[in-house]
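Next, two complexes with chain A in common: one pairs it with chain B, the other with chain C.
Then we have the complex of A and B:
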């Protein structure tokens, strides 16, 4: 009996997919350049995806209000999963995407960037920082700095400013982002004679309790803990260290960004936490003030670095489109060629840096800023 | 005429076999026509191979859960072993083998075999357990595989293949290539899986399982499932049959993994987690325990469904879970099932009456 019903379901599926096929076959031209992107709009990494989608929307609205070149932006959910990201990317292709902002996080971005390269569709990812996202693909560019860059910059920053003498590292050894930063951090720390007294790890399944790692760091007498990870585990580490009465300095990377907007997190715990990020939401330059104000009005929170990166991406594409005389009736492949030429030759001023330039390897050159959390807000350290 | 009718009159199992094979082939032809005429969306095209891979995983788990009757929650472990073995083999042989399909077949055999061997080795201690205990041990097995692959580094250069564990100490020479890089997984995989290969593999698994079910061994396995004490008392070697079935299940899961892995440019060990094991189990349970056709349909529908719901934007996963619950409830609702059986009977009676009256008119 169940079989019959299952058969009916199968037939239904077939008809629905036929409908879906025919519906998506046509792509109408609206006179606007279609920019697509995939990001985690749901799931554990949703703060990043939503920040990017929100900020990109603000940038697109601003550009469209200027008249002239028009943009249309669409974010598809990839739930921070490579398989779903490929589906999301294909859905964007069905929509008729002409330029993409790649994927927000690294694991999906590795999968979609390979497709971007195969299909000849340009990608500028705001925040997928793994080097393998851009490796060997001449039309995939990054707006953020890469994981090795972050690890290296963090080690140098700690060494130059003398923040800590005995360093502990806790990293997530089943995640490419965390492991990638740790490896270059450890290598650079060795060169700079920074003393790493404790190195402990955790995985996605064991990120609910950090007492072992923290005790290890405490026993080794660490006065600074380096946390190359996303904000959820970091928030727990901060809370548990507080309970233990252990108060070293904490130093994070760009994944730490977003900790202040996390639901249910006591922001006083993050007081004094340092992180390396290219964006400072309380900078006083006109661009940043304007962006932060708009973001707050529209979405009710202070934008993080991911939002700023996505905002910059749209403007960088806008600049390249204008310089390369891109029009909405060009194919994705034509735009791809123009973009490649523009991005390797232009210099871009945005929220996350002045005079950014890209190499032919797709990586951006810009300086990270040290930030510290004070009174529930990010403040520049220098 | 009478003779032909007799020939066409198939037994119940045969009819099921034919309709199942027919369903898969019809689906293939249908999709192929859509693709040739350019009517298939990119979204659907990208899902063809994963659908086949999920079908194979569901079929293989159905052998353990439905036919053998042992609950396994670590099936993703075998899939993972198959996928990473296949990817490694394919990456190593890429410079030597230029034909895509040869590369695929070699990777397929390698991935399936290693998964089968591991299944056999795991099966020796594990199959002494039953029910909940077995479920928990297999769950742990899946996690162990995930952790191992997460810490595994494999690369090759002109000096040969290098292995490392826990830390990236491969020290590859100039021009060397990392195949598996711990948590970063495998990147730059040769994408050699095709839809045709996937469909053929599904057909192979179906053929294999139907043959198994009809054989002496299949009957023994089913007897064990229904009453292991009775089966043992008539001289069925329980351990041997259990182990064989478990190994075959692992072998097929490994092949499904190869098909899946070689379809993407990069895969990570974290993908093959307990969520995937549960997903495959959902396919099997939804399709019906021991029902091969059901597994295929459930795997197909549940893979496509979340993507078809993309237009719902933020409510997508909510709608997906509601549909899932609805299907579970509807297919298990006695009243609905009875109502449907009755309608079917009515329909059948109507046809016979029509035919009879037609014949009467002629006479």
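Then we have the complex of A and C:
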């Protein structure tokens, strides 16, 4: 009952905001290419949406300062909700969007990418990693790894380095991201003869208590727990395992990124936690140092991997626009064709990887790096 | 041994549901309204305590008292601004208002404190009792949660049974108009009910976040709904019922996860609820009442 009423309220509010947006959105073209995106700027996943919006803004400001090609970026809030994302996408269309960064998270991205394909508006999502976001859509590309890619890479990494012999997996079975990684991890683990001794799940509604999942893993004698999930539930798992006096190795995925910057988080809990991630804010190369410094100055935080992905997205689009001679007076559909050709043929160097290339399926090929948390900071494992 | 440890975890989770459910049931029993914002008052209480401890370095006791104080004020304010003007309105209008207040608090928290999750500091040191050669571990947080729940339940029962204000509350619950005729200030009684309910919410918030130290603007909403279920399960309006319902819900949830399926645990919890309500529509300890329309 509450949900139904909440839904009605939400729809009403959205109608109002969409109307408001269409009213204010009819500004004249300023000679800049309009880049639009939807992401969770509010709600539980807001940290990702805000990271992407912040970083994209930094990249756009940098590019505009160079002169030449000019960009204008606009993020619409989707609150990590597919329905709201569709409304946000429509608001962007009314604004006259020419290129999009898709959606930040997978569930909304599934909805918006279908519209991107229908309308022939190019999308390069920084972080929506579910394969169904790009599947069957020739104009939707990903900057992040796909979930299968992560699950597979994690299984291979664990097998190659002999990190664990008995593995437990806890995943969130009402989330595409978590389930997607788990499935490919399990399939690859089977191929590699990794023994999974315990598999347990949780949902958004039951993500407080992990005592059962952890005692199951402990009883099965697991020496490594794989956590394909975002860092909020992971922080609870670490705290509760610690309370139980259970200390296996923990292996996370890119969603684990952000755990160290949580307010009040006891970083000793995360000591020794490993994860695969393409971006390391502590890296000493010039590009990363420059980006981290700017982000910190402007927003007072260390950027996470989502921010780096969004920053790379803008530069990848910039590179494609320059190579393809895109101008601001082209229609979204014209730009779409140029982008498709560019992205399947170019190689891009960014914060999250060197020499990235995209397949016609829209998935990116780049190498994940193993990181381990030591003394409250990420350290490269290889 | 794992059975015993699941049982204790279940009681611990159930105690938190029970404390929240007590707040729901108090307000429902006396004001006859479902205060859906209750879960979000919990969240506010947890945030207040978090900032008192983390930003101002106050001792935990002061943090908890401050949280209770602010939540009490917030509860009275919400009642005064949002519910009191609707006293004569149909209950559906009040229900919608309560949902509105719930969203208002969540989004207000988002605006004030940001979307980044915070990790609640451990108030009670992380010590644990190790029994049977360490096969069974009981955290201090668990023990304190259970103890707090029992104390609150007994306290509330005594309060409503023996004090003048408590009797006034029961009178309002029985028949509002008759209570007015007997010289009871119904508005004041309802305000006091909200004050007590909100102070309980603050305690629940602190305990919830001590047990599961993740704090975000939506922290209170799901436990709030589960606790509401617990209150209905035990018989809404009944104080021992809320206690029993909360504890049972926690135990069922943990057992369902441990012995049946982690994927279906919530479905099982609500299935049990449906079965209980089919057999006993007023809940386990609910009073049978004749509804007068």
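Everything below uses one rule, namely that the second predicted complex is superposed on the first by the 354 of 382 C-alpha atoms of A that agree within 3 Å, B and C clash if a C-alpha of one lies under 4 Å from a C-alpha of the other, contacts with A are read in each partner's own complex, and residues count from 1 in each chain.
By our rule, a contact is a pair of C-beta atoms (placed from the backbone, for glycine too) under 8 Å apart; a residue touches a chain by one contact, two chains touch by 3 or more.
None of these values were measured; they are calculated from a predicted model.
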When the two structures are overlaid on chain A, which partner does A:183 contact: first (chain B), second (chain C), both, or neither?
-> first
After lining up the shared chain so the two structures overlap, which partner does A:110 touch, if you call chain B first and chain C second: first, second, both or neither?
-> first
Check whether A:76 is in contact with chain B, with chain C, with both or with neither, and answer first, second, both or neither.
-> first
Go through the superposed model and pick first if A:94 touches only chain B, second if only chain C, both, or neither.
-> first
Of the partners chain B and chain C, which touch A:215 in the superposed model: first, second, both, neither?
-> second
Report for A:129: first if it touches chain B alone, second if chain C alone, otherwise both or neither.
-> neither
Scan A:86 for contacts with chain B and chain C and give back first, second, both or neither.
-> first
Looking at the overlay, does A:57 come into contact with chain B only (first), chain C only (second), both, or neither?
-> neither
Where does A:205 make contact in the superposed view: on chain B (first), on chain C (second), on both, or on neither?
-> both
Would you tell me the residues on chain A in contact with chain B in one complex that are also in contact with chain C in the other?
-> 2, 5-6, 9, 42, 173, 203-205
Chain B contacts chain A in the complex at 23, 27, 30, 34, 38-47, 50, 143, 146-147, 150-151, 168, 181-185, 187-188, 264-271, 273, 287-288, 291, 293-294, 297-298, 300-301, 304-308, 310, 313-314, 316-317, 327, 330-331, 337, 340-341, 344
Within the complex, chain C is touched by chain A residues 2, 5-6, 9, 42-47, 50, 173, 200-206, 208-209, 211-213, 215-216, 219, 232-233, 235-236, 239, 242-245, 261-266
Which part of chain C faces chain A closely enough to touch in the complex?
-> 2, 5-6, 9, 13, 36, 50, 54, 95-96, 99-100, 103, 107, 110, 114-121, 126, 128, 134, 137, 139, 141, 208, 211-218, 222-223, 225, 253-254, 257-258, 262-263, 265-266
Hey, which residues of chain A end up touching chain B in the complex?
-> 1-7, 9-10, 13-14, 16-18, 20-22, 24-25, 41-42, 76-77, 81-84, 86-91, 93-94, 107, 110-111, 114-115, 130, 132, 136, 172-176, 178-180, 183, 203-205
